[in-house]
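The same chain A turns up in both complexes below, where it pairs with chain B and then with chain C.
Then we have the complex of A and B:
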């Protein structure tokens, strides 16, 4: 195994101080680094072990890998309910700036899981230093994502034999100034509105970045809608969309590995960035 | 598709989306699904899997303990929705 250094620190984000974690190969000539955009709410915690394993695997390939927590998430400053998706995109820009300040990296590959993949796409649209995108089980539609997330409150209530409030009533509440708690995460009006605003700005650059889109499940084939949503990214000849038969790791606590997903992503990185 | 086939498809989906160890043979028709066999996160995953697999969306009213009580009750709702979808 190639030697690598791991360093944790705080840096100035778009709004508050953010926790950053840098994986640096001891010897590498690469000038393209990888920046991770983490998924939303509990999916961040569930996927943490796999994220760290993947970051270490990419660092063994000679890539500097930078992980960070968004404002109000993990160990970063602020409260979850005080921020919007736009703030988290600004955090991603700040993370790239911090990475460049600390290393000799010139370009970045943005790597995101679930909602993090959508944030990576949104961030890449306005930058000229993005060399590629790694999108694991991306959630491309912000509005659909937050509605499905809030729907979990209804499912949690009836599953646990509590009086359930309809989804429409929950959406009305969050749209009109009241927060809705879903698995302990307060969805504020500010955060909810930012999801609706982002759906209108669904990113479709004329020339998509080289992208690795991985759909991951135990089902024999990929969800059709996700494949359809990925078609525009496949216009780039270096893009690849694959279905990996492996148990999901972002929505369950007992999955601490994703061997096939990591290995296949490494193979794509070698293909577009060299060995 | 008859209701027994629908039931089997739901059990297959549970195995492939929730837990590979939950094979259809292990899942009796009268097992309690919500709040017993599956916790709320797993029920959420099952709902998303059913919607994706069958190509429909559950209404607010259908998302209830009555629907997700047993395989019998869930299969009845899914079967009715598929009949409406396919005319």
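Then we have the complex of A and C:
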């Protein structure tokens, strides 16, 4: 892979040392870089191959791309249950600072997948160096998302023939100081409360930045909720909302590519940043 | 201390993480972790990260890495069948990076464990031991036989099954159809399964690997994992393996109630402790590094006897 340099390193995050991965094109004059905000829990692992493929494709277009792991996730320091969504937004700010320290990037396009898209949007609100947002199959409703995630415990308990309790009982447990284990991920009271707080703080996914919203599924059209959400995001004339018929790659393994999603995102990048 | 590392395999860059104990002891033994399936060096629910940190806290240096085409490493996905060159490149890198290194223990799960078993006999000078968890066997025949033995027979012994039969909640048609399919599959000769057109099944290659690797091997089997039980049945049926088990070269640790990736936190904790005990037992006479591990194990966990 001679046309780009890839480096992996640890850097100081908001709370602990974070793992960063930098894709630098060999020859580029661009000063806008792309920073990736990864999805939640196992969705991060499942989508990793497609994320890496997309990062390499964007780097071939001349963009510096920076991927990193949030505190308590991936290779970064700490335990998953010890952090909140606010910590992960601070990590994103720390990642942008590290990117600027290492490269001559001045602006960033925040690229997020699923919950990462919502965190990218939240982070963008308080920054003046954001040139755009790439939001893949975004999950903007924090409370719904975490409840849906916890609901999976009921499914796994049922399939493992364990005594399943109700969703209400699980929510009561996590709200009152007890962690709930979902497929090996401990949802702590701290983490759960941060989802509720984000839901209150960001009731609508608004942004003035040019945004590329991609809904991705095998179905012929996008889910209604995402169509409604995207209306809030279309304030900038350069924004675009598309539905891409492609295999979801964040909720199952053995997905190595998302050709259409990557190509269409590259075309949007060319449109707003030039060839 | 955790450090990033990268190394080359035929012009492709592979990436990994080193976990180095916070002491000045010379490193004699390294644990190399091989991932399975489509996983990266993180592992499902960060299992690889947590195990590596646990081993490192107990004095053992560890390297996790993405083999060719996985995770952050370059190349297209090659699968466990072709992971051998990546494993060799990782071992070479460890020996080049740590001059005091004398031996490597491989810890691996799922088809990473299968890759390790296939690789180890070709590098037995440097690989002193294997710790393999729920190794993968691509055999529909053996899988059906395992389901027969571990599901249907066990089901007949359960009160819940007979309660369903007596209260007419048991679907005879559905269950008979499922049993019939399993029986038909289990009757196919395993030798007919030709792995990678080699004329042998993967199970045969794995047995050859297990038997030709003369060093110690620890096998962690989750009792609720069909893959693990499949491997367990395979080595217990093989005469040469049985001899090695009797002689103590192969040790089997059954993890009751565990699933394929040790999802439950208590089971994961148990798997981590058994792994630590197995690694330390595999690399005796390890100088100060070994003594340090032994002391820490004595302080934190009791050694497991099976």
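Keep this in mind: the second predicted complex is superposed on the first by the 268 of 275 C-alpha atoms of A that agree within 3 Å, B and C clash if a C-alpha of one lies under 4 Å from a C-alpha of the other, contacts with A are read in each partner's own complex, and residues count from 1 in each chain.
Throughout what follows, contacts are C-beta pairs under 8 Å (C-beta built on N, C-alpha and C of every residue); 3 or more make two chains touch, one makes a residue touch a chain.
Just so we're clear, the structure is a prediction, and the values are computed from it rather than from any experiment.
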Which holds for A:152: it touches chain B only (first), chain C only (second), both, or neither? first
Check whether A:232 is in contact with chain B, with chain C, with both or with neither, and answer first, second, both or neither. neither
Check whether A:184 is in contact with chain B, with chain C, with both or with neither, and answer first, second, both or neither. second
Partner chain in contact with A:48 - chain B first, chain C second, else both or neither: second
Would you check which partner chain A:219 touches, where first means chain B only, second means chain C only, and both and neither mean what they say? first
Indicate the residue numbers of chain A shared between its chain B interface and its chain C interface, in ascending order. 160, 183
Quick check on the complex: what are the chain C residues that touch chain A? 2-4, 6, 12-13, 15, 17, 37-42, 44-47, 49, 70-72, 74, 76-77, 224, 259, 261, 263-265, 268
Report the residues of chain A in contact with chain B in the complex, numbered from low to high. 148, 151-152, 154-156, 158-161, 164, 166-168, 183, 217-219, 223-225, 247, 251-252
In their shared complex, chain C is touched by residues of chain A numbered 1, 6, 8-10, 17, 19, 21, 41-42, 45, 48-49, 52, 73-75, 77, 80, 160, 181, 183-186, 253-254, 256
Chain A contact footprint on chain B (complex, rising order): 15-17, 20, 34-35, 38-41, 43-45, 47-48, 52, 60, 63-65, 68
